[in-house]
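In the two complexes below, chain A is the common chain; its partner is chain B in one and chain C in the other.
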Partner chain A sequence: MAKKPVSPEALHKVIMVGSGGVGKSALTLQFMYDEFVENYEPTKADSYRKEVVLDGEEVQIDILDTAGQEDYAAIRDNYFRSGEGFLCVFSITEDESFQAIQEFREQILRVKNDENIPFLLVGNKGDLQDRRKVSYAEAQGRAQQWGVPYVETSAKTRENVDKVFFDLTREIRSRKMEDTKTSNGGGKDKSKRKKLKCIIL
Partner chain B sequence: MMDVIIQKLSAPDFSPENYVQELTQRCVGSQELEQQRLRIQALAEETNTLLKKNVYRHYMQFIETAKEISHLEGEMYQLCHQLTEQRALLAAMTTASVRGEKGLQSNGIGDECDGNKEEEKEQKRRQQLIDIGEAVEGCVSLVDIPGRQLMYDGDLLELDPIDNTPLQRVHAYLLTDTFIIASWILNRRSPTRYKYEAGYELGSLAVVNVRDLKNAFKLLVFPDTRVFQCSNSQTKKEWLEQFEEAKKLLVSKEKVKREISVEPKSPARSDTLETSMNPFEEPEEIETPDETPEWLLEVAEDLDVFIAQRHFEQAYKLIEKSTEYLEKNKLSNDLVAEDLKRKLDSRVKTLTNVLTKELEVSPDKSQQGGLRAARRAVRLLNKLGKSTQACDLMLKLCSSLLKTQLKRVKLEGAAVKYVTRLATVFFSNLAEMVQEFQFKAFPNSPQCASVLIMWLNDEVNILMSHLIKQVLVKQTSLSTLSQCVIALHTQCSQLDGLGVDVKYLVDGQLRPGLTRALTDTRDKLIDAVKLRSGEDKWHPTNLNTKQQRDKLLSEFSNLPALQFESYITGDFWIGLSANTIAFARLYLSLIEDCLLLITPDLTHTIDQLLYDVFSAQLKHVGNSLNSERFRNERQFITINGKFLVDKLLKHCNELYEKKVGVRCKKLDQLKIDYSRYQVTITSYI
Partner chain C sequence: MAPAPVVNGISPKEGPPGTRVTIRGQHLGKTPNDLIGLTICGSDCLLSAEWKSPNKVIARSGPGKGRGEIIVVTGSGGIGTSLVQFRGYHETIGPLKESAVWVEEASLNTLTWGHRSLSPSSYQLEDPLGLSVEENEKKFPEEDLHELFPECSGDLSSENFEPGWFLLEHHHATSFDDLRVGLSFLRRKVEGQKEGQISFLKSNIGSVMEQLDTLFILKEKFEADLKARDIDPTIKVEKAIEESISEAEKLFHDVLARREKADATRNALNVMQRFKFLFYLPGSIERNVKKGEIDVVINDYDRALNLFGKTDVAVFKKVLAEVELKISELREMLWKKLEDMSIGLDQQKKTIRNLVNLEIADDPGWKAITVHSNFLNEQLIACKTEHLKAESADMDGSSKHLDSHHKHKHKRAASGTYNVELLNRTPQPVLCVEELTEILSQRFPDLWKLGQSYFSGEFQIKIDPGRPQEFKGIVLSIISLVCTLLRSALLPHTVDKNQQWPQHHKTSDSVSTWLPHCLRYIRAAYSTLIALDLPSDALNIFSSLVFDLRLHCMSTLLCQAAEQIKTLGLKENWQIEFDQNGGITQLPSMFENLVAEVMQLVKDSVIIAEQRETPLLDNPAAKKDLNRLVLKLLLNFVEALDNLGLTNEDGDHTLGVSQLIGSSSQSRDKDSFGAVYEQKLLCTLSNCRHTRLTIFPRFINLFERHGFPRLSEPFEEAEMAFKHLEKRILDTYIEQKSDPLVGTIEPSMYIGNFDWDTCLPPTDIRPYAKEIIFSNIITVHSEVYKVIPSLVYPVISQIVEIVAEELSRLMSCVTKFSIAGNQQARIDIMAIQQTLQHFSTKNAVLYFNEALETIPPLDDPFDLKVVDEVLKKFTARNKLQLKCFNNPS
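Right, the complex of A and B next:
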């Protein structure tokens, strides 16, 4: 128990969302313990924490692995509220799971009330190319429409597993830094930031 | 002596007056009286100290007794608790046995047992809640809510949510709708053992199993996170199970509640009333089957309720049903029918208004739901026969959605990148909207489809006029422009699959700007050609080093048609003037850009551009041939001219033909023009 104190700034809360059976837990466990769990057992809500070195800085990733099953849809709000970033997972072998992400995205945006919440679209089961039902272009198109990155992973072969967690954490961290900057730095930074944006149409 | 006085003073019939009289009689002189006074004074002091001592002793005894009593009280309480537990256990055992027997027993007895059981359960429930209220300081009124029940309780260790260090020991209660956390009171003297710390509604609480921390679970209560550790894995499992159970109960209860409120009462009522006659109606009409059913009379009120509760579907169903009923059964009472119709009409209007409001775009409304959020209102408006309105509103909504989406694209970096990103966002959203519109919202509706086309036209025009402002400015180079156009074209094609072609719109908007850009480019290039021509000395180019030569060769190596190697002489001499090489470079990039931009509309301008620029260079060659200044260079100039016409021009026209399908007549014209120069030269020589 004798852990050194962690500052809240270095603890990033990631939430795994997506339909049941798309491999949220498999991705999480692969990331946490480098192992692929073959047998399927529906998750209710599990949390994990891992300390990693991200770009030379020690941070903790707090992962909340949520239930994909429809029964839990009504109580998801409470889980989503605590998240700082989301990995929205579907299975490239199952079109329904891809269709379902729209609802997840909407729910997250509604709960967080923030259109720019760190968010990554993840197409899992990339090792099962022969059973692919969702084309890369289709998923990429959806991600583009939302303005979020799309990454294909395989929890089995560990392909891109670290990448999705690291990318998202990086995004969360930069969001936080930006937020503290704007709250501390006063008007100067804000106006600077605004300059990059363009009001069009 | 002292004792005597004490006896006298403490005698029951002691009277101060008599005592003083006696003293004055007995004592002689003031001295003796003084002595008496001293004696009494000493006595008073002694009594005082004695009294003090006594009080102190009593006080100690009092404290001890109090301690003893509180101890006893605690024991009594524990005893009481144990008794309640035992009673609960016994009650559970009896209900278990009753249930077991129930299957065998006849219904009557079973019901009776049920009644008793219910009562017992209720009693138990109340008692448990009262017990909690007593044990937890600052926590009362748990019993007030019917159906609330204790599901689980136990001791937990709260941990710091960030670094997992122990914070405090707590006792937690899980009720059917709340979770209560109470901290321990250290010096307890009463039955209240804990101090109420926090209560969370189960509905706003999320439970998480913390996998990598022993026996711990986490509660997410926005914005707090609280981590608790159980004493062993078994209790953790039980806690989680009970939480799950409670959550399920809560959800199902809410569902039932919703269903009850959603379930329209009227149809159920109408079923019974349509078959059975209402005895309170006018008696002569009892024979006619088409008397106004009660639900119909209440339709207006029910509709108001549905609309207020936003159960639009139900409202619509009810409207439909009522209209149908009114049409089918000619109501005997015209007045009632009139009235009903009027009421119904006004409700339809209200419903339409509410739905219209739903769809209207307002700055304070969230757009997160996107188009899917509009589906419901659009569908209902369609059903109400208000497709036109729905169509207009939906398109307005689309416009505003598009606008917000586009606003998010930042204007930064290269123009090409910006255009590509903007076009991607625009056209992918547009594709989605068209899809939604054509297949979900208004399938098989030609009127709406034509409105959609009009709308598309407007949206594309808005986008294009913005892009033109941003990109089609004087400084933008032709190659940037061509890449932007290509990006737009690729993104446009997203709509091809939906049977909508907006490419012509895009091109149409671009045409004036592009034409201007092309003319500007022409003028710029001709100036450049003229400038360089003025400095042209018509000497072969010295590349100085081998590297330079190889570099140049590799630059043109993918254009074998130019046969560049054949002009190499010596180690690093090239039999062409620097001007010619520069022009070749310039013209090749020009034709590449032009061919990317070319559309039937722009063919003329582009042809002219290509012609003019080349012609300027040829003019320079022709003039030089005829000039006295370059008399000695004529041979060399002819080689250069030949290279331009036979190699470069030919190659460019081939490129042109490959792209457009026909040869460029203007470029062919150039060859003829140049041959005219040659004629003059030959005649000159």
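Right, the complex of A and C next:
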């Protein structure tokens, strides 16, 4: 127990964000266990880990399924800090959830302080086309404005569920590879240099 | 051994002791008993573990604190590993923490004030190294720290403080130089504190000594004082303090009271503000109910229950009670709404869902189903009663208004060509059937869909185990009710007496013409039912109705046709149409058309099996029925022909054949405007033959084309009947022809007191022989030949035989021949024999020879020569007339 476990596999931390009831947990459980949970039970914060083979490399995806409810807004900052990639989920059947993503995006950018953090906009409940409130074009437009991909999923039919997780993980991995390159090659990054000035006394 | 358990999911990932945790992973035990160990953060939680599946276990977290593994032990797989961690923490309720329980803020404040100084947060504001942590956004992962420094802590005030942890936690991104500067800062600070004390003492030594001296003096004085007065001075001081306290209290009592009051008011206001949601709830519920936004109400109610359901605060309880009242009113209202059938299925489903969400005690889904089924039952029965009433009104003939109303409503005409004499209004049973099927296909799908939703758990109602059976019973009873009602209207013979449509005897005829029409309606309803995917039990009830109806329809159609055929004979006009096979009247073609028509109709409406119908004729009873009916159809025609041919309505048929006697002139006149009896006989005979030989094969062809099974039996039987009839007609015809003919031979032979003994030498054959040949046999020949050429031989030969017999009889009666008489007799008989030799049967030849033998032989060759000459003359003279006998076929 005292020994540090050897984990040769890369670990990528994905965070599910979005308003309450849009299907974050449903997507996660579908991805993890191939099951679709019908009844709704608000999440507080759930943690999952899955080992997958991504482009021939075994990686672990750590999923933090956060609470969508406004009640938990205050503790989100803490969670966001540890995330390396974000699945920002809204329901295509609920316009409010689509409007809410703007706030999530801003909060993530503020906490991570990084415009290019791996981020995927996900329109869930794609099986309920007849109750659609948010048009594909509208969502696509928002995603383009942010410079992120937009994917429509259905946790019920498992449509695009694997795709969003794999796409995001791929993005995170390529980001990490870039980062190691720059940090190995070009010395310390900017934020560290700034810190020198902050010494008091 | 099974694979070791792996935990890779935890929900939620943190929480205070007692949190309900869903643990997911693989191989978490094959059965509940296989799960033999579960620790969360080091505390054993097996007791609370609830095994759901090999992939899911639910447990409550123990008192373990901090991050820790979830270890599952199974009997089959051993000790497992955990990819995720749970963090236990002890929750303290502070001013920023939302709580479902009312927290007394006053006591909380003093509590926090008392401990605040020790709370780590104030420490962390100051960094002991004097370095800023503001920019240090990237945190070192906490779990790694746990792994690096087990049993340690980064808390400065902690007993097991580990500097490495602290540095990694707060300064893992700080450069080495910075850290060095920080260290020197820390040292300086420590040094500063140490040095500060000593130098302070040094510089102030004088005053320190002075203070010490003063303290000694004070001590001495105090002791002296004690000795002198011997009283504890503190008592006095205590008194004074108490006095001052009471004074102060007096002074501030009012102020404090006012403050307390203000605080209370503020508290109350705060409460109001904080929980205004609850206080507004009764009002908003009412408003939303009025607006019809039940969903909102349910949502609010749930939220209120979640937040305040377990409250101990009296005010909340009161408001909640009010809310409960409103909700129960709403429940009642919705419950009533369920009974309203005018709202659509969707609306009803929504109401059910709402009721379920309102946690009603009863089962709204089931209630809706019952209401639905009762409504349906009532409607069906009401429909029948209404039509019964209308019918009895119709029967009285007093309700012209209703009549016209219905005529207006149902202007469509019934199908088929059988409705020539159709009543111009639709009979009530048919209207009733139309309405019943309409009700069924409109209402029943709703009920069924409701049931489907109910049992598929769409309403999330716990379903009683007996319910599916009961529902099935309801569905079956409705279907069978509909079937019984339909049967009572259309198929009265298949239901009990008391179920029957009354006065049926009057309406049955009119109903029967509408049967195909009704069948279409019922089939439409049936296909709706099929589309609903009903259980086959229910469908079978209906399909048996459809089957019976088809059968009934078929037999009715065929019976009608048979009846019509029976009366076909009345339409005979005896106009003969000739073709290469002889002559027939229009009767056979009428018969053929009728049969073809009815078969087309039967095929269209009955035989063709629609969705989920068995081919009617696969049923042996139905097939038998069909056979019987077709046979009846055919036999009826036989009967009609029989009636036509063999009924001698003219009465007098002693048709004179002999013009020599002249008794027939009267009847000949009579026949000038119609066919004579013999001709009718011939026509009928010809019709029979035509039907049997030409139309029957066509029928068989037709039936085969229409998909009927082989109907050889009835056809064979009918053919037999036809043959029999033909023979009878033929016999009658021959009898009819030969009787008078034979009867006239004798009178004609002896006309004018002729005597074979006293006759003149012969010059020609005698008139009676001519009459036999020319007027009689040639007439018959021509008559038959005209109508049925193929019958010429059998008819003529029969007649010839009879004639020959008669001749032989007459000859044997002659007592004496003169030479001339002898010659004459020979000439006559031989002329007849020769003329008719092609039509002579063995018997006829025998008879002729017999006749010749009775005549005494002529010895004189001269006499014989006379005979030959006369005969030659005769054949030469009548060559033309006799030609028709040359070719018997």
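As a working rule, the second predicted complex is superposed on the first by the 176 of 201 C-alpha atoms of A that agree within 3 Å, B and C clash if a C-alpha of one lies under 4 Å from a C-alpha of the other, contacts with A are read in each partner's own complex, and residues count from 1 in each chain.
Assume contacts are C-beta pairs under 8 Å (C-beta built on N, C-alpha and C of every residue); 3 or more make two chains touch, one makes a residue touch a chain.
Nothing here was measured: the structure is a model prediction, and the numbers come from that model.
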Chain B versus chain C as contact partner of A:Gln145, first or second or both or neither: first
First (chain B), second (chain C), both or neither touched by A:Thr157: neither
Chain B versus chain C as contact partner of A:Thr180, first or second or both or neither: neither
Partner chain in contact with A:Leu109 - chain B first, chain C second, else both or neither: first
Which superposed partner A:Ser135 touches (first chain B, second chain C, both, neither): neither
First (chain B), second (chain C), both or neither touched by A:Gln99: neither
Those residues of chain A which chain B touches in one complex and chain C touches in the other: 1, 4-5, 32, 44-49, 64, 74, 81-82, 113, 196, 198-201
Complex contacts: residues of chain B adjacent to chain A: 162-166, 204-213, 218, 220-223, 225, 240, 244, 247, 251, 254, 366, 368-370, 372, 403, 406-412, 424-425, 428-429, 432, 462-463, 466
Footprint of chain B on chain A - complex, ascending: 1, 3-8, 11, 32, 44-49, 64, 74-75, 78-79, 81-82, 102, 106, 109-110, 113, 115, 141, 144-145, 147, 196-201
For the chain C and chain A complex, residues of the former touching the latter: 8-15, 22, 24, 55, 83-85, 96, 98, 130-132, 134-137, 139, 141, 147-148, 150, 173-175, 177-178, 181-182, 185, 460
Contact footprint of chain C on chain A as seen in their complex: 1-2, 4-5, 25, 32-33, 39, 43-51, 60, 62, 64-65, 71, 74, 81-82, 113, 188, 191-192, 194-196, 198-201
